[in-house]
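First up is the structure itself, then whatever we jot down about it.
Chain IDs A, B, C and D follow the sequence of writing; residue 1 opens each chain.
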Amino acid sequence: MKGSAMSRFVLLRHRSAVFLLVVAAVWGGWELFLTMTAPQRIDPALQPALSARAPVSVAITLGFAPENFHIRLFQSYGVVSGVRGTTVLVNRVSPDDLGRIARYYWVKRISVQSEVGR
Amino acid sequence: MGRYWEITSTWGVILTVSIATWSLAAATLPVPDYFLPPPSAVLSAFVELMAKGMLPTFVGESLRRILLAALLGLFVGVPLGLLLGISRGTADFAYPVLNFFQSVSGIAWLPLMLIWFGFGERTILVAVNYTVLFPVIFNALLGVRSVPPIYVNALRTLGASRWRIVRDVLVPGALPNIAMGVRLGLAYGWRALIAAEMLVGANGLGFMIFNAQAFHLTARIMLGMGIIGALWLALDYFLLRPLEEATIARWGMVQR
Amino acid sequence: MMRGWRGGVRALGRGVLPFALILIVWALVTRAGVLPAIFLPPPSDVVRTAWAMLKDGSLWINIGASLGRVVVSLVISVPLAVGLGIFVGLRGRLSPVVEPIAGFFNALSGIAWLPLAVTWFGLGWVSVTFIMFNTIFFLVFYNTLVGVRSVPRIFEHAVRTLGGSRRHVIFQVLIPGAMPNIVTGIRMSIGFGWRALIAAEMIATSTGLGFLIYNASNFHQTDTIFVGIVTIGILWLLTDRLVLQPIERWTVERWGLVSSGR
Amino acid sequence: MTAKITIRGLGHEYVNPFTRERVVALDGVDLEVEEGEFLTVVGPSGCGKTTLLNILAGLLPKTRGTVLLNGREVTGPGPDRGVVFQEFAIMPWRTVEKNIAHGLEIQSVPREERAAIVRRFVELVGLGGFERKYPHELSGGMKQRVAVARTLAANPEVMLMDEPFAAVDSQTRITLQEELNAIAQATRKTILFITHSVEEAVFLGDRCCVLSGRPGRVKALVPVRIPRERRGWKLLMSDPTFDAAKEKVFGLVREEVGKEV
């Protein structure tokens, strides 16, 4: 770009524009992917509680033993009452937060807490 | 021997030699394992942190904060700097103040902000944005002040209004300095962000490597450092350098 | 012309007016009692604390610790970085590859090295000095390397046709030609090094201005924090005026060269 | 008496390191330059004028052919062949004085002797009073004067000049040409002067060598039989010999430019 006039087309092919477009595309695609795959992670048994718009206690199963990072993350959504191997028990999670948790790709399944038993 | 071959072979040699010595050192040096993990450990740390969803969050948080600071710097810092620079009165008042505040690094303010905003996101944002904003404002002001008067006078002789002088001479003339200010501000801001994340302990690359040190997870430290460097190079190559080339190349204004 | 404008601004820049005004506003705000003292102590408190710290020497110790680290790191890493930068810059085969690598470490320089430094050297002044060394070394090395490679070949040809040997080319063309970039590298390395030091001192040592401020915030001694902050600002302005500008004036501006340091 | 410079069968090819593409710049150049002669070389752009000069200066290794100076093979750059480049190749970090003395410094000529020589050449090129100035404070014309003074101060066997006045405004150019003419007269130095301007070539040269279009070859050698003392712009404006030589060289170059396009 030797200081020549930046016509619209050249501007678009310029590496900055391409970079921003690619970043936007990847980010958008990723968010879409998460939103699409979120419902599969929620146990159907939780549907009634969700539709009742009432906070619910859940058991979140991960593919690995949770680290401090995950515990702190879940604490921002509700009260973490315990950890069983790769499952974290979180109480009083609002339905909206539940939807957000479901979007984390590393969450295996979110099921009703009572089923797993204290 | 073509130049291509020469460069690629030198790259090949340097990369293989460095990885080899690193692995060798990791295996043979009489130090505890966590001192110098081999390259393979860094790779598995990457895989692990991706699987656990931690890396995307760390990178995402750091990028969000620096890009926010960049936007603020561009759309608030630059106009403010230009505004202060246009009239001699405000410029002479603002220059020493800005010069002082610019020389106090954002991190030096962090302890005060911990008192004002506590250990949270706000402290990080204020520290980073402070670090980015002041060099941007300062250099934008400097840019306006260093536009050679002959351009201003030339336009004045054409009967240009004050606004037109600002638009056609002062702003374009200041662009090289503005670009430099943004670049410098973000360079300082990026490092202030890493330090702030370490001190405040909020999710981000700074926190990642600092926290990893507490658990002797050196592989994660090295991974984090690699990403910090790589992200800056990407930001620099794709966003900052074009900004600078666009301003300097367009007007060939390398002021002597 | 540019010199005239900048000189004029700087002449006035030294004026005390702006700071006096800020002090007055600061005093009024604190007297009005809008904010609790721990948030914003009155300027009189800060001055009193500063005076006390000067008298009992605690401020001097911390200034000495911080400045000492800067000087030590500069003395070690600048000559090494300039020497290596020139050495690699001369190797046509090596430098195109080393430049991007140096660029990477240049981008990484600073506080990002702290965790690794603490792992290797533990908390304390060794880690802090390592971070300072690392920041300064890579900034100066990278800029020297770029500087040597950007010297127009025409000067080298000129010296060669005057019968100059490789030694002449290095000392009479490459080093002076790279000087603008070297000076920029040094200027940036002090700027970034100073900031990295303050941050590192907050985490890894028990002396120095960074530690002074961070420690004061743990005890809510806001006046000490302000003393520290003002000191840092003044120290930088002094370094800029007494060290950086003279170097720049003596080398780059005198030759009318402009550097493209990164 | 052997010629000062002897060039026989000189050929040169540029090989692009990336694409391996070969460009023949010079093909079979035969030329001799006598002692004390002012030979100008002119030709269409791209005919290899600068390549020829760079090979003579030793900055560019030739592909084939022989190049002799005083009968000895030319290998690399050296003080015996002083060069004045088109870009102002004087050191921005040295004062005018230090620039002119640069060659002498390299040949470790004692300080006092150096100062005397520098003073002589400062006067010769009319830079009196500018000794302490830095290049960025000089005009283009003055920078080139420093370059010429530097080259002559090193007392080379031959002075090679690569379109030295191309980047200078026309008024300064005329004065520089007249000054160079006076210097050639005063120093009796052998000079090889590359230019794209036919008028400049004829005005300055004892002989004009016309190179053919790419690949460059000696197309013709046009003598300019005008004594050095009479070479001043005012005189030559109406001199029939000058006009005739100019027409001839211009014709030869035009032929080559036609082929080029």
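By our rule, contacts are C-beta pairs under 8 Å (C-beta built on N, C-alpha and C of every residue); 3 or more make two chains touch, one makes a residue touch a chain.
Here the structure is a predicted model, which means the values were calculated and not measured.
Among the remaining chains, A is positioned farthest from chain D, on the basis of C-alpha centroids.
More C-beta pairs touch across one of A-B and C-D than the other; that pair is C-D. Separating the CA-averaged centres of chain A and chain D is a span of 74 Å.
For this pair, chain A with chain B, the centres built from the Cα atoms lie 29 Å apart.
For the pair chain C and chain D, the distance between mean C-alpha positions equals 48 Å.
Chain B and chain C, compared by their mean Cα positions, are separated by 16 Å. Shown for chain B are the residues in touch with two or more other chains, namely 256.
Residues of chain D in contact with two or more other chains: 136.
Contact of a single residue of chain A with at least two other chains is seen at no position. According to the touch criterion at the top of this document, the contacting chain pairs are A-B, B-C, B-D, C-D. Residues 1-2, 4-6, 9-10, 12-15, 17-19, 22, 38-39, 93-94, 96-98, 101, 103-105, 107-108, 110-116, 118-120, 191-192, 194-196, 198-199, 202-203, 209-210, 213-214, 216-217, 220, 222, 225-226, 228-229, 232-233, 236-237, 240, 256, 258 of chain C are the ones that touch chain B when the two sit in their complex. Those residues of chain D lying in contact with chain C across their complex are 57-59, 76-79, 81-83, 85, 87, 89-93, 102-103, 106-107, 134-137, 150, 154. For chain A in complex with chain B, the touching residues are 1-3, 6, 14-16, 19-20, 62-64, 67, 69-70, 104-106. Residues of chain B touching chain D in their complex: 2-4, 256. Across the complex, chain D is touched by residues 152, 154-155, 157-164, 168, 172-173, 176-177, 179, 251, 254-257 of chain C.
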